[in-house]
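Take a look at the structures listed below.
The two complexes that follow have chain A in common; it is paired with chain B in the first and with chain C in the second.
Entry: the complex of A and B
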């Protein structure tokens, strides 16, 4: 640092202890050393920041009204310089977020990093997972095209079937008995105000808990081996994180360039030739509802409400059920098989939903 | 003596010899300087002000008094002090070094009464509740304003029966419905399917009984006569609210098909296959002598085996 910069640094340091802060942030020992497997959390933070930036830019032109939502989104795509790119980045960024959340949760699960003393990090993480899905659900209504309208209609009808509170939740989200302007207003404020505030708060808490408990490190190796390989968060892990962020950034940019967002027709209560379908990360649930055993009111309750709710409850209870300190995934056969079954299940359901499209035409 | 940094475990010497060692250091929270040292002497911890220190060197603290004067210093009362980790005093640890050991700071006189602390904690919570609780109801009512809008029982003209050529075939009628959506007066395309039912289909729909439609209070709004062959179905799939269509099916011939979750209904609206929990919803219909069709845009909750009207 040259003279002036150094003076400014010293000025700030004297008042807020910048040096200590820097040291505390960067000098976090990582048991067993930095790894590529640990990049997902940082990458998620990066994707979120980019979603916030592109989201704020989109709000410069977007108008959250049934009269103008579609037209203003078309305006962003076709008239505003690089509007198509900002919107497409935001669109693909949301998919990247979901992919990374799954990767992050899988890594934590397979490494057994949810176990004592890291239960609270896991629980806050599950809440963050819920927020990411809620971001997706509220976000794709906003362009007010056919996909937006129908995915929301079906999604809200599913929530309506939750026992006791379902009717209230559905009416609260729709802002009335049927979807309309109030639905758009509510989804907008949830998407741009409530969820970002909640995510920032919970992500902060997640990081605070993570720093309090410390990183779990590898599930193999003696204390001596781990000690020998231990390094600090900076520079090796930060370097790996930034490389991963760059890869994700370039991937999202490429997807935005190759496959920019194209709106369907403007939303209306007649789907016409459009076959309503949710975003790809909800397709597995969508396909589940087509299974014969989930026919009828009760079957639908089981598939759309009970199974997802029980699955989330099971994940929340996981660190309290699975109390064995063993973290090696190859010595936890039930965990390994369950993970594989869930992942393959989601994959098969998603692929079959895609194959079903052809059957419809 | 300004800002002495006596080390913990240093030997403490009076002018006539060694009396003990430094057990703790007490800092002044305002000046951020050491105010006292605690000397462990003959099994007692005594609090000695820094003014009594003549010199503090590496491992040795020299006091200006004689060893028999040590008993004159007050006994250290642990309960009157907090460790520097338990309080938030900025820069204290930059200024006072006591490693390895703890820096003590005085527990303020005003903070020692437990009863008052509890009173304040309770008082803070009560006032917080007084601010928060009166807001619950207004905020709830504020967000609930549009949620339970009354049913719309207006008759809407949707088209003419001349569009229907064949019996038991679904014909789509797309019509405009103008309404006030919050502050916006707007028009929306709505969608009903109408069939001209054959006697067999008609009896499957009505089972010989007229169909009664009521408002929120249970008052009768309209009765669909079981003898009128024109039947209008709400365009909303009773499974999860998608829009279904009249399509030809490989094995079942002409059916109503919902593309979302693949529910199939016959011309009478009865479920042939798929997840739908109930038949298609019949809406109030009246046909003028000139063949103009009017309906009430009744909407039911999807996903229920019973009809639950919501609009």
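Entry: the complex of A and C
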């Protein structure tokens, strides 16, 4: 650092103990050294910050009323300088967040990093996963076009199938018999106030637990190798995180440029030619609901509520069921096969839902 | 200067070099890709594709060289004194061109055969169970033809990795030297070789390039959407103009003027009162 920078650094350090903070943040030892597999958490934080920044920029122009939501979104796309790009970045950023959450959870699962003493990190992570999905769901309605309106209708109908609380949640979210002003207001408040606050709190807790338990490190390698490669968080892991963030940023920007947001017709209670469907990351569930074995009230409840709820419960209970200290995924065949089945299942059902559009058209 | 062939499997060795090499070059290529997109030049066709390929070749050569040296040193304890990137990239690219050509026909054929077989199986199922619902049919059909296609693709990828791995091993036998250093020393010495003497200069340079690229991006980026939806354009809502009524306008203006005059008078009166109020009475001495 040159003279002036050093003086500023010393000034701040004297007042807030910058060196101690820096040492705590940067000098965390990483057993076995830095890895590309560890970048997902940092990338998720980066995507969230970018979503917050672009979201705030969009709020300067967006009007959350049924009379103006569609027109103000159109205005952002067509009139505001770079508005189309900011909106498209925000749109693709939400998808990137879902993809990264899946990648992060997969890495933690495959590395066995949910095992003792990291159970709490895993549980808070699951709650964060729920929040990310809720972000996507509530944000989708805001442009108030046919896609938004009907995705929400479908989503709320799925929630309605939950026993006991389903009806209440559906009525609370809709605020009336059909999506309208109350729905838009509630989704807007949840999207820009409640969820960001909850996510910031839980992400802080997640990081706190992570720093308390420390990184799990690689699942294989001799003690000598791991010791030789052990490194501090700075500079190599920081560098890897920055490169991963840059790649994600460039990918989101590219998607925003290749496939920018284009609104359909303004929302109305008649779907017309439009075939209602939820966002792409709920398509697998939507396709599952189309299966004949899940027809009828009970079948819909099983597919829409019971299976996802049981799956989430199983994930929550995982660290307490799987108590074996073995972390090497190649020595945990049940875990490896289960992960592969779930991922392939989601992929196949999502592609099936896309192919299903042709039949509907 | 010759070493025995490494005992590691060819597929693993080739994967270690190619996978890391791909990701090392990827961010740099993405920057070029994005800048082309921002300038509204499609990087997947014509001049955009040519520019991207021209830029990708040196990036890949550098990336393969860097990652191959790392893999050789850290995993095989082998050092190569001469150039690594160009010879390995050349062989990998030549094999890749051949394998891509083969893959184009083999995967294409397996998709065709797979779809035909899947349709035939669905037909058979429908004979037994005519009410096969469409959602289930789509998923079964998809699985029936994608599983063999994925397997064929994986086999082709493994063949390419095996061939590339053989070439890497042959290259190592001809050009490699066993490193006398232990694991700790090897890992650390390679680290030190990569860490620059002046990290602030490197960080400053990277930041400078990032700023330059960001400025270039925003200069290229169109201010308003280059993709307006053909079916749902922005509808201009023309505001109806109010008809001008001279009498009303005169009356309104007179009222406004009268109000302004009244306010002015009030203010002047208040000012006079305030001026009188500020004249303090003289103090009497004791």
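Just so we're on the same page, the second predicted complex is superposed on the first by the 355 of 361 C-alpha atoms of A that agree within 3 Å, B and C clash if a C-alpha of one lies under 4 Å from a C-alpha of the other, contacts with A are read in each partner's own complex, and residues count from 1 in each chain.
As a working rule, a contact is a pair of C-beta atoms (placed from the backbone, for glycine too) under 8 Å apart; a residue touches a chain by one contact, two chains touch by 3 or more.
Every value quoted in this text rests on a predicted model; they were computed, and no experiment measured them.
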- Clash or fit: chain B and chain C on chain A? fit
- Message: Between chain B and chain C, whom does A:74 touch in the aligned arrangement: first, second, both, or neither?
- Response: second
- Task: Give one of first, second, both or neither to describe whether A:84 is in contact with chain B, with chain C, with both, or with none.
- Result: second
- To the nearest 10 degrees, chain B and chain C lie apart, as seen from the C-alpha centre of chain A, by 160
- Query: So, A:10: does it touch chain B (first), chain C (second), both, or neither?
  - Reply: neither
- chain B versus chain C as contact partner of A:326, first or second or both or neither: neither
- Query: So, A:65: does it touch chain B (first), chain C (second), both, or neither?
  - Reply: first
- Touched partner set for A:251, first chain B, second chain C, both or neither: second
- Answer with first, second, both or neither: which of chain B and chain C does A:351 touch in the superposed model? second
- Query: Thinking of the overlay built on chain A, is A:22 touched by chain B (first), by chain C (second), by both, or by neither?
  - Reply: neither
- Message: Once chain A of both complexes is superposed, is A:265 in touch with chain B (first), chain C (second), both, or neither?
- Response: second
- Across all Cα pairs of chain B and chain C, what is the smallest distance in the superposition, given in whole Å? 8
- Task: Would you please give the residues of chain A that touch chain B in one complex and also touch chain C in the other complex?
- Result: 290, 356
- Task: Quick one: which bits of chain C touch chain A in the complex? Just the residue numbers, please.
- Result: 23, 26-27, 30-31, 33-34, 37-38, 133-136, 138-139, 142-143, 146, 183-184, 187-188, 195, 199-200, 217-218, 221, 223-229, 232-235, 237
- chain A-touching residues of chain B, taken from the complex the two chains share: 91, 94, 143-144, 146-149, 172, 174, 181-182, 184, 186, 188-191, 235-236, 239-243, 259-262, 274-277, 299, 301-305, 310-311
- Going by the contact rule at the top, pick out the chain A residues touching chain C in the complex. 1, 36, 71, 74-75, 77-79, 81-85, 145, 224-225, 228-229, 235, 243, 246-247, 250-251, 253-254, 257-258, 260, 262-265, 287, 290-292, 348-349, 351-352, 355-356, 359
- Item | Of all residues in chain A, those that touch chain B in their complex | 17, 65-67, 150, 153-154, 157-158, 160-161, 168, 171-172, 174-178, 180-182, 185, 268-271, 275-277, 286, 289-290, 294-297, 299-300, 356, 360
